[in-house]
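Some structures to go through are shown next.
Shared between the two complexes below is subunit A, which has subunit B as its partner in the first and subunit C in the second.
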Partner chain A sequence: MSLDWTFIADSLPLYLDAMWLTVELALIAIIVSMIIGLLFSLVLFYRIKYLSGFIVGYVELSRNTPLLVQLFFLYYGLPKIGLHLSEFDCAAIGLVFLGGSYMTEAFRSGIEAVSSSQLESGLSIGLSKVQLVRYVILPQAFAISIPSLGANAIFLLKETSIVGAIALMDLMNVAKDLIGMSYKTAESLILLVLAYLVLVLPLSLVLTWLERRVRHAEFGG
Partner chain B sequence: MPNSGVEVLFEGSNFERLLGGLLVTIEIAFISIMIGTILGVVMGLLRTVPTRSLRLLLRLYLEAFRIIPILVWLYVVHFSFSPLLHIDISGETTAILVFSLWGAAEIGDIVRGALESMPKHQAESGKALGLSKGQLYRYVLIPQAVRRMLPGAINLATRMVKTTSLVVLIGVIDVVKVGQQIIELGVIKAPNASFWVYGLIFILYFLVCYPLSVLSRKYERRWQS
Partner chain C sequence: MSENTEILLEVENLQKFFGDRHVLNGISLQVKRGEVTVILGPSGCGKSTLLRCLNGLEPVQGGTIHYLGQNLTGEHVNWREIRQHIGMVFQNYELFPHMTVIENILLGPLKAQKRDSKEALQQAETLLDRVGLLARKNDYPRQLSGGQKQRIAIVRALCMNPDIILFDEVTASLDPEMVREVLDVILGLANQGMTMLIVTHEMGFARSVGDRIVFMDQGKICEIADPEQFFTEPATERAQQFLNIFEYNKL
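This part shows the complex of A and B:
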């Protein structure tokens, strides 16, 4: 079996467009869900009444349901109660809904891992609760959280492969359409796998490197 | 607001059909976990052998699943088997094949982690007490390894159940597909059906996955050493 290189060259722009869509969605998902995760984990740390309970419920709901069903509900279900969203908005909201809970968990476990002697020392030198979080807890918690934050970023980047289910022209749909129209199955699938390799592998390598670096930042580590 | 329309869930045998669809996905997850566990234990043991090339090969195998999304692998098998290899396999078989191979990679990593994290003095103390090799594994090593593996393995099971929702995209009649059929059939009589049907599917998945998450966390806390 030999590959059709003209076909590969011709369909490359389609894949590049779709890769751009994936990068766009993944960036939105990663950045917004990290902000949400940081805020929510602080709410959990301060044990803010009612709000904490709401966040715990959200985290469980989001982590224990598949993204595909979340997307279908947003895209097909919500218009029935008068809420119309574009495909792109649905995908972004779905990914943030999913990622927010994973990021909350990552920050929360980072905060919990800061040793209690650190908190007590901070309080005993007269830091306020806000100062304690700003100068003692967050810098250490962030360093501890980096591996799981990174794993979540990769997870979200890979989860973008599902958005094709709500009619976005992503990598999966590009490959599927090309197979349907041209029967160039091998070429289309090889390009699909390569596209994800190009997207995910660098991030994965950067994170492995970063993980090793931040280990020095841990107190007593 | 759709204050009516929820009846569509209970019309005829709709509810039973949705549950039946859910069962298809759970079945795929269950069979895959079984096969994946058997293959994974072997793979995990092989990843602790001194042969470098074998370890590297198995590591690459794991990374293939960690880097390329599962949906891509489902597509690769789904689209390539019949035109390229001239083998016809159903959506279910495709799903079980991909999920088993993925499960084997992940379980293999969990087994490797458990074996490597076992303190050396456990095996040495056992030997010093005069345990035979069989007794050493039966009473000392395996019980501790299982404790270390269980939270991760249950976690993987939850992930796998969630990921089985993707099988609808390769033509398996699962809970989402049954939901789509119900929505299409009632498009005139129950125009709001998609809100209720997808809402229910959302809750059904939660009801399956949430107990697994709780269980995994319970073991994690109990056996934290």
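This part shows the complex of A and C:
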């Protein structure tokens, strides 16, 4: 079987547009959900009344419902109560809703992995609870959390492949349409796989590098 | 000599429970400025718990602790402030692994005490020099031996200019050849008149560093004695038994 290179060249712009959409969504999802995760894990650490309970509930809800269901809720459900969001906004909010809980868990387990004797050591030199978090807990927790934060980032990037379900022209939809219209299945699929590889591989490499760097900076190793 | 009689810490009838377990049962103790108090007693008798109560790391269920007349067992105790005056050195050093030696030492002075960085750095370097580790100031804790880490931990406590330092078995995790270097630092502090409460299992050290020995058993103080007196003729049978075990271990 030989590939139709003209078809591939003609389809490239469609794929590039879709890749850009994926990059935008993934960046928003990763950055915002990391901020949410950091804030929420601190609320849990400080055991702030009511807020902690709310966050525990959110994490459970978010982790135990499929992203597809969350997207349908946002896209088809919210308009029923008069709230109309664009497809892009729905996708971004859905991904952040999903990622926030995973990032919260990643930060929380990092914070919990810092030993209680380290906390006492910080307290014994008169640090306040905020200083303790800032200078003693977070630097250590962050280094511990990096692998799972990175795994979550890649997870979110890959999860963007579902936003086609709410009519966004993402990579999956582009490939599906091309196959449907031209029957060039092999070409379309190869391009699809390559597009994700081009997106995911660099992120993986950057994360591996970051992991090493942070460990080095944090612990002088 | 009013300096020598100033009472820094006064503990009265201290009660501490862990659940149903009565861990400190009526501890009363005075610590005067410049005094070195060594606390001895069998494992589990409450020595660490007592030190932790004095530093606010454990809440107490009864009795009082006064530091320079200030009640530490009431409501709204400003432990951040108190801990700057009552330092603590832990068995496992508890240096911050992500900070260099000098960063470890300066964290308290700069962040908790908000001191001038030049002045604090100068003091830190002087202290490091005194324990022979100035050359290691930019190393990370993992690059140091146990004895070196513990000397750094002592410097970290000292650099806060505390009134009292609490030592909880600070040589218990060390290889035997490193015990000496840490004990020498503490002996040096004793000679300079530092007020210290020391929990240790090193009997020779206890005898030479202590101004007095507090012997505890089962959450109570059994006897408070002059070191010579304690090690030659302890007043209580419990202390005698305790010392016999150490004699036995030596053989």
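Operating definition for what follows: the second predicted complex is superposed on the first by the 210 of 221 C-alpha atoms of A that agree within 3 Å, B and C clash if a C-alpha of one lies under 4 Å from a C-alpha of the other, contacts with A are read in each partner's own complex, and residues count from 1 in each chain.
Methods note: a contact is a pair of C-beta atoms (placed from the backbone, for glycine too) under 8 Å apart; a residue touches a chain by one contact, two chains touch by 3 or more.
This is a predicted model, so every value here is computed, not measured.
**Q** Taking the superposition as given, does A:L61 touch the first partner, subunit B, the second, subunit C, both, or neither?
**A** Touch partner of A:L61: subunit B, not subunit C.
**Q** Touch check for A:I31: first (subunit B), second (subunit C), both, or neither?
**A** So A:I31 meets neither subunit B nor subunit C here.
**Q** Kindly classify A:K158 by the partners it touches after superposition: subunit B alone (first), subunit C alone (second), both, or neither?
**A** first
**Q** Considering only the touch criterion stated at the top, classify A:L78 as touching first (subunit B), second (subunit C), both, or neither.
**A** first
**Q** Who wins on subunit A residues touched, subunit B or subunit C?
**A** On the superposition, B touches more of the residues of subunit A.
**Q** Counting only touches as set out at the top, which of subunit B and subunit C does A:G126 meet: first, second, both, neither?
**A** Second partner only, subunit C.
**Q** In the overlay, answer first, second, both or neither for which of subunit B and subunit C A:L3 touches.
**A** Neither partner.
**Q** Residues of subunit C touching subunit A in their complex?
**A** 55-57, 79-81, 83-84, 87-88, 90, 92, 94-98, 100, 107-108, 111-113, 139-140, 142-143, 156-157, 160
**Q** For subunit A, which residues count as touching subunit C in their complex?
**A** Within the complex, subunit A touches subunit C at residues 117-118, 120-128, 131, 135-136, 139-140, 143, 217-221.
**Q** What residues of subunit B sit close enough to touch subunit A in their complex?
**A** That would be residues 1-2, 5, 63, 66-69, 71-72, 75-76, 79-80, 83-84, 158, 162-163, 165-166, 168-169, 176, 183, 191-192, 194-199, 201-202, 205-206, 209-210, 213 of subunit B.
**Q** Of all residues in subunit A, which touch subunit B in the complex?
**A** 1, 60-61, 63-70, 72-73, 76-78, 80-81, 154, 158-159, 161-162, 165, 172, 175-176, 179, 183, 185-186, 188-189, 192-193, 196-197, 200-201, 204
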